[in-house]
């Protein structure tokens, strides 16, 4: 299936979870990051159970210098 | 006993809030942060970048500072609210420095969008510190919707132009019942002193340090300037006069 | 290694010169002096008064400071030269802060008289520090006749009006080859910082401390303000801009 | 050929808009109006008062000026829209100087309410001239919703404090595509000249004339000041320099 | 009846003195002179140059103006006195605009030399108008030795920086008993208005016109600016306030 | 019947028209005035036909010095 | 004999010295003071030998707060 | 004989007068000019009678734009 991850297209195996996505980004641990799917925040507590499906827009943000 | 800065019930020893933008390395930032003695550090939220080395969070933790996420780069209330929620999830804090800007060239706040975002975030349980214009009316409306402080600008972000309209700032200060934190425009130490002398409760400094030729030295200057300005405010300055006021005895002069 | 203030070959750690006028008690003066960390203290010369209690010299000695007598109250070169000689005899120092004023209301320097007095005192072996106008030409002529420093005013003595013409001060600083010490006009901490940021080598502060509601607290503010201003000068401030300069990454923004 | 002021397709010879507040008599107002050469006069809307003598409309008609009703005294978009509609009905003009203020003490505009009112009135077919803050973002949003001009303040109404933040005004002027009319804050003639030199298309003057010791003389001063400022803007001023630029030949000096 | 400018018993309708330096052609100068309505024109003295075409005297005669020779370019009292005597012989007038400068870069007056020259020229029967610093003490001493007016600077010649220290100018104006003419520093129309509003009796303008993109248009602006400033000074401006002062009735508001 | 006219209570005969109200205020001509009833503007063209009824809130505004 | 001491007239026994004058002012020690006679500074080294004579104008100055 | 005229060396016949000098400079009329010899102004009334002698320093000034 195809998703947009931080604006980039990615192919994923069906049933991928949030941690799988973070692994792709090299943030397996996921400390200090937040994930949104189609504009809605996915609470950390639901990362494992949440199933990514085809066409989803996923944003993974972290803190950086700024402001 | 000197009064301490209190925001939303949290007490701070330092009246300088540390902005992280513009430092060329995390090490320089860490050294500057140490010099300022700041207890709260603001950070932006961006997409994770697999290439990016080092973590700003480690630096802030090591310094024992609180983190204050911001919504820098947001142009609409919706963007800002989303970014605030992501920050809360990522960093585990309800505190948010709310920025909703009107364009890329001035980075000035968009009042109506800012007010709308502030209202939603307060309802959503956030401790909202809005970056706002030097507009006394907008400042009061932000206070009325429940912001924990107001952060009026002195001049545009990174302009280093200091406080362009001290009169508006004075009006804001006279009327505010929440802490007033000068945000944006500080270019050098005296700008920070002036803000504190006018009665600001704190200042946020970023570019003035991070883009100075010697950021760490400027950071030290800023710590002293904030303290000097606060002390001067407490000490009660002499009035300004057109003419002189003799500081020497007018009696007892020798006669030739 | 930071450069230290040097006047006539003497090195100072502190860039604040302490003016004694206006303190309501010697004790308050002593406490304020301690806070400033000043190493040089200026005093006026007057007829001995059998009634007067306490000795300012004891306070200055106790603080381990150098004494800098002045000719405050003199209206002519002759008066000033006489007063300087009396001070040398009384206090055993060749150093003199030369003041020759034009009237009682402005206490502004009288250029021609000042220049004449400076010339005589330099010939007479004095180390002359003249209190002068913010006049670049007069400053250079005072330097040319051999003054060890120039002490331009920011605004009239005790006016607390700060630096009214920073442009003239900038011209003096660009051209002087002796230390430039801002004398007169400082009203609050930021005024001292601004003077140092402009590049002054030191500042003299009196009324801003002695007449503040809390002189000792203001003295502490002044010490920090001078240090903050000097550090900022050394650190190299960012330029002033009309528009903003983003302090946050413009890349990596989330898309809703 | 000099460019003329154009607002919503109407051409004006005069760049001074006449405010009527504060004149102690209709006669003084009429005399002052004559001196200014203004072609547009703003008036407030209030409940008819059977006791009130004289009609301001007669004075304005006699002077051959256009009338520009305003919504002075309105605190909400709803009040302002209602007042604008009453003005249109009473005076037969779609033109409205839109004022929505935030409080009685500052009389500063309430941005969000102002923007909401402007949008409704534009939809309703009005030619909207909003009295706004010196906020470049709000000014652009007012322009975007279809206002025929923007009227940023220099400082609070009647404060006579001039243009407190010329930088914001400069940013508004650089970006506006509708006429920019300085409204509020003018205290004396030079304030009006400065506004025009900065590039404003016109200025609105009221209290500076009506409350001057000699309103008619000040009115004449204002007419000349606006014209002088506009001419200077067109003529292209010399740059500001720190140092001098000789105006005399440096050749051909006599040798003694 | 409006008070007219009087210098040494001569009455002037115009309060603008015309400086001739920097005009690129005599024709442009003539056109600008006509626009200003000036009655007195200042000229420098230089060695005759066989090559030089056209005579400035013809232009000034044709305009029916008085000539005011100056000692521009002189660095010592002796040079200035010699130049003044040559001017008197060449032009048949006792009037002299006395300039004794300290260096080429600032063109600032040299106080002691200026005072010495003024004294000699007054003794020699000249009507002396000295170009001086914004130094209240020097201004008074020049008045005391018999100068017919004092001409303090606003900022260095040709700098276009306006009045850098209005406080000193205010002190000079409060104390002077001869006309005070602002000389040097005017950059645009509002600078001239400000000088007149402060209470100056006249202004001298040269570079601001001659080096403007459109000298003739700027000349017209200057005439109006001087008149506007003078009228405003006579009319009595409103005070500056931090807060607003309503210009609309607070009674009679509609209730929705 | 009773109405509020510019905030003041007035007693009117039934069937009063806008011109009747203006007369009360001494503005029979009504030049340069506008009338609103219960917050709605009443166009000049409807003044004669409009019937005032009990309890109405009427505002009559005119141009004055200000702004 | 009569002298002016800091502007005040004083009667002195003939042959008075500077220390005698200082005693009058309560500054016997004379620490931190300078003395001038008829506008000329009298060096401390000459205080004992210097003889005050009738009509002299004597100034005795010390450091005070100021400037 | 040799003189310095406005800084330039010139050879003149003996007995030259001021007008002769002005002629050299093309200012025969001499309107609006002043003449100084060795730093002293020569009044117009003495121009004809004044005799230039060897080594004199002569300055001839006129009004120009400036100041």
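Annotations
To keep things simple, chains are lettered A, B, C, D, E, F, G and H as they appear, and every chain counts its residues starting from 1.
Everything that follows uses one rule, which is that a residue touches a chain if its C-beta (ideal position, glycine included) is under 8 Å from a C-beta of that chain, and two chains touch if they have at least 3 such contacts.
Everything quoted here is computed from the prediction, not taken from an experiment.
Each step here moves to a touching chain, and the least such steps from chain C to chain G number 1. The interface with the greater count of contacting C-beta pairs, when B-G is set against C-D, is B-G.
If you average the CA atoms of chain A and of chain F, the two centres end up 65 Å from each other. One simple way to say how far apart two chains are is to compare their mean CA positions; for chain D and chain F this gives 33 Å. Centre-to-centre, using mean CA coordinates, chain A is 95 Å away from chain H.
Chain B and chain D have Cα centroids separated by 34 Å.
The set of chain A residues that touch two or more partner chains comprises 7, 36, 39, 59, 61, 64-67.
In chain D, the residues that touch at least two other chains are 19, 21-22, 44-47, 70, 72-73, 82-83, 86, 106, 108, 161, 167, 171, 206, 242-243, 247-249, 252, 254, 256. Chains that are in contact with each other form these pairs: A-B, A-C, B-C, B-D, B-E, B-G, C-D, C-E, C-G, D-E, D-F, D-H, E-F, E-H. Those residues of chain E that touch chain F in the complex are listed here as 247-249, 252, 254-256. Those residues of chain C that touch chain D in the complex are listed here as 167, 170-171, 242-243. Residues of chain F touching chain D in their complex: 6-7, 25-27, 31-36, 39, 41, 43-44, 59-67.
The touching residues of chain E, counted against chain C in their complex, run 101-103, 106, 108-112, 115, 133-138, 140-141, 155, 161, 164-165, 167-168, 171.
Against chain E, in their complex, chain D makes its touches with residues 19, 21-22, 44-47, 49, 70, 72-73, 78-79, 82-83, 86, 104-108, 156-162, 187-190, 193-194, 197, 206-208, 210-215, 217-218, 220-225, 227-229, 231-232, 234-254, 256.
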